[in-house]
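Note that chain A is present in both complexes that follow, paired respectively with chain B and with chain C.
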Partner chain A sequence: MTFTSFNFLIFFPVVVILYNIVPAKWRIWFLLVASYFFYMNLQPVYALLLVAVTGFTYFSTRSIDMSDKEKTKKRMMRWGIILVLLPLLFFKYFAFINNAISDALVSSGLSLGLPKIELLLPVGISFYTFMAIGYIIDVYNEEVECEKNIASVGLFLSFFPLVLSGPIERAGNMFPQFAKMQSSKYSDLVKGAKLMMWGYFMKLCVADRLGIYVDAVFNNIANHNGTTLAFASVLYPFQVYADLGGYSLIAMGVARCLGFAVIPNFRRPFFATSMSEFWRRWHMSLIQWLTDYIYTPLSFILRGWKIWGIVAALMLTFLISGIWHGAALTFIVWGLVQGVYLSIEAMMQGKRSKFEKKHGLGEKWWYKLVCCIVVFVLFAFSQIFGRCANLQDASDVIGKIFMQHGPLFLDVTTLGYALTCLAILFIIDFRDEFLPNRFRLFESRYIVVRWLSYVAVIMLILSFGVLDSGQFIYFQF
Partner chain B sequence: MTKSDMKKILIKGLLFVALFFIVDRVSGYVFYFLEHKALQHSPNGMITEYTMEEVDSDVIIMGASDALHSYVSSIIEDSLGMSTYNCGKDGMRFYYQNAMVNGILDRYSPKLIIWSVSPVFLSAPSQEDRDAISDLNPWYRTNEFCRNAILMKSEFEYIKMMSYLYAFNSRLYAYLYKCVMPDYSYQPGGYAPVYGNLPDSKMEVRDYYDEDGLDEKSSKVLLSTLKRCRDAGTDVAFVLTPRYESGEYESISQYTELIDICEEYDAEIITDLFRDKDLLKPCYFKDAAHVNHDGAVLFTEKLVGELKALF
Partner chain C sequence: MKREEIVERLTLIFRKVFNEKDLVLRDDLTANDVETWDSLTHMLMITEVENEFQIKFKLKDLNKMKQVGDLISIVESKLQ
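Up next is the complex of A and B:
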């Protein structure tokens, strides 16, 4: 069961109704059972991993909490993190490391016949592992209180709106809400339904439509020229934004319908005028996590190196981000490219500010537009590594984009639907960015406008959406 | 949640459903109107609609892309002296084709159906095959065979099909486009030539045994369709359309079942062109699965000779 499956449209209202009927003290258990039911519907066996990670997290945080000695606390934190990380390392990186070692041995004339284990990656493991690590560190740093109720910890890691693809939530935000377990309010239900509706539009009408074209091109690189590959590379960031952004909105909406406020994941990233701003708007929950637990401690440790300390911290943080995204060289390169962009920007920040001030560029619309385009092009370029199966494919794509021009491959109806929906998304994002209190539709004062907007979006989803499509891109992570 | 909240949700929810119901129905009528407009303007580009509602030729060519790009309608028409229409459509497999044949039989009885098949014709449908059945959605309410095929897609399809907007999903631009732009990729009679050829390359060896096995439901459905054809006096000739590949297929279950069904219902099956030496040359193929225009002309001429001998 995924958010776009029809089963979910039955499961979800039933859960909302039962949640509001069940007595408050049992709600946490009810949501825990519902979350495991949801997860097991996708991968029953891997629910055991979720149980194990919950167990490691609970016992390590309790041990940290109960211990008086700093040394013991630290040891328990380290063990907790190692135990929580083990399943992720094994399932996500074993095959990659194994193959890399085997290839290295073969190329040096040795062959030890290392065992090959091909395992299906447990859905959501990267997300709930990071949430668990964040919680353990927060307890160690005494930023959140240790949760004594194991059901709360279990629900935190398996909460069905978040378990598959985030947002990567924080214990500090979720545990106080779990403690209250308030019933849904009318305003929550309306707000949640609106978020879900727009999330479905982004996913089904924009991401999956663009995906048809992008997949057709990137799955057949050899048969497409540079013009087509460049066009598909431009569309791919929009696809990912609509895919994960749409998923995140659905997750936020589902949680909101149950009375929970979940952190947002995207804030109109393509209006960013610098790479650092872009990363404060794109996959915000992951970036905030990386900032808090990797970048900030690293830059503190390396503060003696001055600007080079920041560069090193940025490079390492985004290298880890790349590795988190996938066990492949393409993701490592993707992460390093982001690190390079941000490092260059950090080193030039002073000069850029002076230049903007001197020429009064800060408020000029055309300057902002140029900056947005530059940021987009840089990001789209880096995403080629994220989209291609291997480095050879990525270098073929880049080579063709620069060297092999030709007629554009056009799939008129697919692109027609995709670009129409993308234009609608862009207009709404533009309004939210620059005219936040004008031309309201879902939030209009007039009920006619609100209801017509709801009907229009549902009509768009039903007539333009890809309703036979499969999964969300971030399920693979 | 308070009682007044619940009352508010219930009333507003019902009103919203009523509003959506009206909009959905009105959209359905608009889509039916657009479909007919598009069909009038560009019948060849609207293969499914044309097959279901307008085709009246003596000879019908049925199949997927292999049919569409391999059977030159005009050659068959001139040689057999019977009007011919190629109803093949890219990416559409057995259940779609079966619904089309039955849709035609609901309206009239063609003299001959030439059904382009592969040795794995009766394999279990993949998810892609099931998704492709969506092309039949507009006839869900009016055609039993289309309905049966659509209901195979998922257990909740009957709920989804209550919405006209869902039934016409992904059709708006196709209809609008066809209303404005005639489709030049088709020749009269529905045949769509493809050009270009394979580089001189080694023929791919296909392992038919490695593929999905026989789908018993498909063979039952085919049996009942062939019975219907026999009762209507329509001859059926299955033809293994050439592919640029080699591989043993004669004893796979899907193929032997097809042979048995043909024997049971006196349907002909033409197999010798599948591996015809004159045809199996790279210069006659656009890709491994499709002959190019030159290949289609040669293949159709050879086929007509066989058909004349049989019928």
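Up next is the complex of A and C:
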């Protein structure tokens, strides 16, 4: 079951009603059962993996907590991480490595007839694995108390609003909320419904509409010219933003209806004026996770190399981020490109800051606009590697963008709907960025404005939304 | 070394690394309060502090540094 499926429209209100009926002490078990029901509706067998990862996480954190010796604590942390990582490594990378070896043997005439393996990736595995690792490290670092109730650990890793695509939550935020589950407040239900409504608008009206055009172009690269490919490459970052951003808002809204506050995943990323700022606004839960558990330890170990230690840590962190996104060379290049952007920026930061101060550019609107456009173009370029099936396709796209111009492929109806909805999303983001307390619609103090806004968004979803239960892009990760 | 002297020397490091000439350190100062204080410049600051006071931090120390007051306390404890 996904957020855009018909089943979810029944499942969600039933869960909210029952959650408020069952006695408080049983709520954790109720949500655990509901979460596994939700997950098993998609992939029943793979729920066993979720159980296994929960078991490894619970026993390693309990062992760390009960041990007095630092050496034992460290050993238990390492074993916990290895065991939790094993399913992810097997399902995500085994087929890639096996097939790469098999292809290499065939191409060098040493064919051993190894069978190619294609495994169905357990949905959400990249997300709950990272949450489990974060929790184990946090217990080792004494950042959070070890949770003794296995139901809490089970719910943390399987919580249905988050299990499929995050946000990648932290134990420190979720366990205290699990400990005092109260009935849903009216204000939570209203806030949650608003978040969900806007999330559905982003997903169904912006992401899925843009997706029709972007897919038509990227799935047929050979028959499109550079102008069309450049246009689709510009639209793709907006599609991903609306897709994962929309999903995240629905997740936050669903959780909020049950009284839980979940960390946000996006903060209007296309208004960032530097790449480092962009990465503090884009897929924030993943970047914060990578910062805390990969970048910080690496840059700490390499700090003796000063700026070069930071460069090395950045490159490695984004390389890991690329590999996390997928077992393919395109994602490795995607990660390296991000690492190069951030490294160059880190090395230039002092000079840039002096230049901006000298010429008083920091507050100039046109300078900010130029910076936003440069950041967007750099990110859109890197996303070509994220979107293409292989490096050959990516290099064809880039080659055509620079060399082969021509008339733009226009699908007037699809683009008309998509760009209208994208414009609405942009205007709302612009308001939130620059006029945060003005022109409120969902939060207007006038009931008429609020209700007109709700009706307008629902009408937009029903008129412009792609309502055939399309997949979320991040399910593949 | 007295706390005041630690704060004085840390202030010079912070002003240099974060490129803020008038930065004044407070116990509750965090990365959110200084525009140029991000995960990149943070590690440069840590290295400068280690060199200045001839101390070595552990990764666990870093995790405990939620605000400037924590950094001052950790430096203080390392110097004792």
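Criterion: the second predicted complex is superposed on the first by the 468 of 477 C-alpha atoms of A that agree within 3 Å, B and C clash if a C-alpha of one lies under 4 Å from a C-alpha of the other, contacts with A are read in each partner's own complex, and residues count from 1 in each chain.
By our rule, a contact is a pair of C-beta atoms (placed from the backbone, for glycine too) under 8 Å apart; a residue touches a chain by one contact, two chains touch by 3 or more.
A quick note: this is a predicted structure, and the numbers were derived from the prediction, not measured.
**Student:** A:296 contacts which: chain B (first), chain C (second), both, neither?
**Tutor:** After superposing on A, A:296 lies in contact with chain C but is clear of chain B.
**Student:** Identify the partner contact of A:276: answer first if only chain B is touched, second if only chain C is, both if each is, neither if none is.
**Tutor:** A:276 sits against chain C, while chain B stays out of touch.
**Student:** Scan A:391 for contacts with chain B and chain C and give back first, second, both or neither.
**Tutor:** A:391 contacts neither chain B nor chain C.
**Student:** Is A:451 touching the first partner chain B, the second partner chain C, both, or neither of them?
**Tutor:** It touches chain B, and chain C stays clear.
**Student:** Return first, second, both or neither, reflecting whether A:306 touches chain B, chain C, both chains, or no partner chain.
**Tutor:** In the superposition, A:306 touches chain C alone.
**Student:** Just to be sure I read the superposition right, which of the two partners does A:143 touch: chain B = first, chain C = second, or both, or neither?
**Tutor:** second
**Student:** In the superposed arrangement, which partner chain does A:467 touch: chain B (first), chain C (second), both, or neither?
**Tutor:** Only chain B is touched by A:467; chain C is not.
**Student:** Classify the contacts of A:353 with the two partner chains as first (chain B alone), second (chain C alone), both, or neither.
**Tutor:** The answer is second: A:353 touches chain C but not chain B.
**Student:** Determine where on chain A the residues touched by chain B overlap those touched by chain C, and list them.
**Tutor:** Common to the two interfaces on chain A: nothing.
**Student:** Which chain A residues qualify as touching chain C in the complex?
**Tutor:** By the definition above, chain A touches chain C via 141-143, 276, 280, 291, 295-297, 299-300, 303-304, 306-307, 309-310, 313-314, 342, 346, 349-350, 353-354.
**Student:** Using the touch rule from the top, collect the residues of chain B that touch chain A in their complex.
**Tutor:** Spelled out, the residues of chain B in touch with chain A are 1, 5, 8-9, 16, 19-20, 23, 27, 131, 134, 153-154, 156, 159-160, 163, 165-166, 168-174, 177.
**Student:** Which of the residues in chain A end up touching chain B in this complex?
**Tutor:** 6-7, 20, 183-186, 189, 412-413, 416-417, 451, 454-455, 458-459, 462-468
**Student:** Looking at the complex, which residues from chain C come into contact with chain A?
**Tutor:** 19, 36, 38-41, 43-44, 46-47, 50, 57, 59-60, 62-63
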